[in-house]
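Pasting a structure here, questions to come.
Just so it is clear, A, B, C and D label the chains in written order, and each chain counts residues from 1 on its own.
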Amino acid sequence: MDAQLPALVIVVPLLAALLVPLAGRRAAWGLVALALLLAFAGCVRLLVRAHALPEGEAIRYALGGWAAPVGIEYVVDRLNALVLTMLSGVAFLVALWMRRSTAREIRPPAVTGYYSVFLLMAAGLMGITITGDVFNLYVFLEIASITAYVLIAMGRRRQALYAGYSYLILGSLGATFILLGIGHLYMATGTLAMADIAAVFAREPQLYDSSVIRTAFAFFTVGLALKMALFPLHGWQPGAYAEAPSATSVFLAATATKVSAYALYRVAFTVFGVRFLETGLPVVRDALLVMACSAIVVGPLLAIRQHDLKRLLAYSSVGQIGYVVLGLALHNADGLTGSFLHFWNHAAAKGALFCVAGALAYRAGTTQVAALKGLGRRAPLTAMLLTVAACSMVGVPLTAGFLTKWYLARGALEAGQWAVIPVLLASSLFTAVYAWRLLQLAWFADEDGPVAEDVPWSMRAPSLVLGAACLVLGVAPLALPVAQAAAEALL
Amino acid sequence: MSVLEIVAAAAIGLGSLLMLATAFGVAVFPDFYTRLHAAGKGDTLGQALVLAGLLCLGGDLTLVVKLVLIVFFIFIFNPTATHALARAGWVSGIVPWVRGGQDPGAPREPGA
Amino acid sequence: MPDAGGPLLPPAGPAAAVPGPAAFADVLGWLATHYNYAIYILLMMIGLYAVLAKGNLVKKVIGLNLLQTAVFLFYLSIGKIDGATAPVVWTDRPPGAEGVPYENPVPHVLMLTAIVVGVSVTAVALALVVRIREAYGTVDEGEILASDEAQEEAESARAEAQEAAADAAGARE
Amino acid sequence: MRSTDSLIVRYIARRSVPFIQLYALYVLGHGEDGPGGGFQGGVIFASSFVLLGLANGWGYGRRAAPARLLDPLLPLGCLIYLGIGLAALLAGGAFLEYGALAGSDDPEVRRHWHHYGLIGIEVGVMVTVSAAMATLFFEMARPARVQARVDRVGEEADRA
């Protein structure tokens, strides 16, 4: 079975997604949790195996027994093993968390459908991460996106429908650009397997000067930037995160845009090669640097003005994706390490924060920021979770967020991009402003009246795991060697 | 050139001519019903003639059976579709065109 | 993809050539031989215009479909070779034999997949439009946004009042 | 969608259903060595129900293809696909390596099993596609009075 793991981590959630509607309402949730637990275990095993391999090698799996240039290949190396573990781990925690939340937010007849689509989306996201074929990447990207549109539109308010629709339009636009990028790439190289394309580039370096290749890269960048909601292209994102059902918000915010960012890393480093960023089309690298920096500053600034907690967190995500992309623009070991750390750090922090928003929706039926007042007295554990996660977002030392900023700052200095340092500081300041507003309401604005019930343990425990991850990843940097190894493997 | 080939050429030529006439009719006829008339009649016979011509050219048995079946179904389904369309037009209140008569675009009471 | 059969042909033939910066006459010559690329760009621009500029949600979906169709055309143009046959296996004459060039089947297979994806996206989009129409009574983007804004304003005014009250309570402590 | 009052249209639509479905199976069977396959066959198969719905009214078509039947078929087709892939995996090959289903190394036998596997997944594709297409049509064309009843049931379930 060990040899079959790369296929199994995708197939098991997929299989469960199809079994859930047949299994009926009672068994559905258990099936979801079991499938994602198995996938998580498989991903951890893949992570261990990928790190045991010597530098530059990867676990390869040929689907259907067709070898790489002809068939589709699944490749697990250090970078995507890291992303896969994050993905399946968060998916498993959200699956545990969502039972009571969906019972309150989704119409009972639609719950099994919701679970099924949720699993499909998890499988799609993992497929994007694991595939070694650019066209297969597009197909998985669309599976993950189409399911995301559905999961968003299932929100209670009618605004969810429009949010899902506008995400659909912009997401499909992005996907079309990516498809065009793949077409241009195929036109110039005549192959679709990532490793094969990279080999063509190594054989014919003059291709870097071809306008077809440059067009391809531009299409990839714009398309994936749309999908990951990088700053000027983030229009769909706040509405989608704010209006979606709580469980969707947690999962989307913790994973979805980061997987698109991973796809950009994969395309830029594995397919085009790091030399292309430096010599082939430096203007895209500079543009990404500018976009990432503006996202880092503007995201929290926009968040300060919001009254809805989920919308506030969504704008903060607009800023946080900037950290993930910044490493690509810096493309040195420390910068990449910082960004790769952020794959885990942000998933933990933003996942925990959206869990708080979900708890608020569960308990108070609203996600207005004002509903936070008195949280410290009524639900101290949830309030502590909010505190820890918010500190991690600000980048307080000893939390996970600090490590990200530390390594990104070191990477910026190394790359000679001094201007990035004030950007990081300003962003921390703005983040602190809205974080303080939340904490002040939660701990100090007391409310008279009876103490309401807290969320059930089935919701509290998984969110506390996410909160604990924020601390553990910061105090005992487990992820650091993994991220460093992934960064070195790419360069 | 065998007799069959001559027959085939004649049938295909006539069929093509009919289909051309159909296209012409759809383009120039004045209203929904007359256009439908052109499309329904001309197209059915035109297609059937072309296929019959191909039938004369022969081929293996499966091909012949397929062609016969296609002709058979065209003769059933084309008129049915035309009938359904005309009826739908009538029910939704489209007035048939009359030479020198009322304005063809004028609304008519449904079902009148 | 493995079922496409035949070896992978690198894109060849005149259609795969890349236009460089060219004089006007060259552009005309390029148009004459590569008109399918010109059509693809034109179709794509029309689709993009409809997606971005139309207020009607259904028209946006139509624009999206146009955009996708343009991409299909682009892909099929990549695989096209002038005078080549279809890559179908003949029992008496295998493709590639006797110097008969055959078109690259891979873009066709890719587009088959992309068409399925496009159909799925369209289905979800139309389903959403139906639901939006039920919820808002309109499929016009401007009206939907205006209706949302009115609701949003009322809600945020209420929220601000609540927050102010909470602040005041905090100050009293 | 009302039933048409034309006897001809209703009769022809009803009688043509088996022919359409037979043709769908024909297209399915030819997918391996010609134009056709599960997707196309599935769409043609679904079109027979669409025709019934158009000619004889929404309710008539929906009774021929009820949600009770179609909803389980949607995942079932995909399950056939995945199941064959997994069976190949369990037989010692890679995922979807149909040749491994043969359980022998004889290339001739493996080639045969490759064909069986391919036809099997095409059947799976056809089941899902036809169920999906018919569901899409009937859900989108649902008349207002049926919609009202569904909403009422949903609200009652919400309250419960």
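Following the convention adopted for this analysis, a contact is a pair of C-beta atoms (placed from the backbone, for glycine too) under 8 Å apart; a residue touches a chain by one contact, two chains touch by 3 or more.
Just so you know, these numbers come straight off a predicted model, no measurement behind them.
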item	value
Chain nearest the global centroid, as defined over all protein CA atoms shown	C
Comparison of A-D and A-C by number of C-beta pairs in contact, larger one	A-C
Whole-Å gap between the CA centroids of chain B and chain C	36
Euclidean distance of C-alpha centroids - chain A vs chain C, Å	24
Intercentroid distance (Cα basis), chain D paired with chain B, Å	32
Contacts with two or more other chains, residues of chain D listed in rising order	none
Graph class of chain-chain contacts, one of line, ring, star, complete, other	other
Chains grouped in pairs wherever the two touch, ordered by label	A-C, A-D, B-D, C-D
Chain D-touching residues of chain B, taken from the complex the two chains share	73, 76-77, 80, 83-84, 87-88
Touching residues on chain A, where the partner in the complex is chain D	4, 7-8, 11, 14-15, 17-22, 61-65, 107-109, 116
Chain D - residues contacting chain C, complex	33-34, 39, 118, 136, 139-140
Touch list for chain D against partner chain B, complex	4, 6, 8-9, 12, 16, 19, 55
Interface residues, chain A side, partner chain C - complex	64, 66, 69-72, 135, 138-139, 142, 146, 149-150, 153, 158-159, 161-162, 164-165, 168-169, 172-173, 175-176, 179-180, 183, 186-187, 190-192, 210-212, 307-308, 368-370, 373, 440-441, 444-447
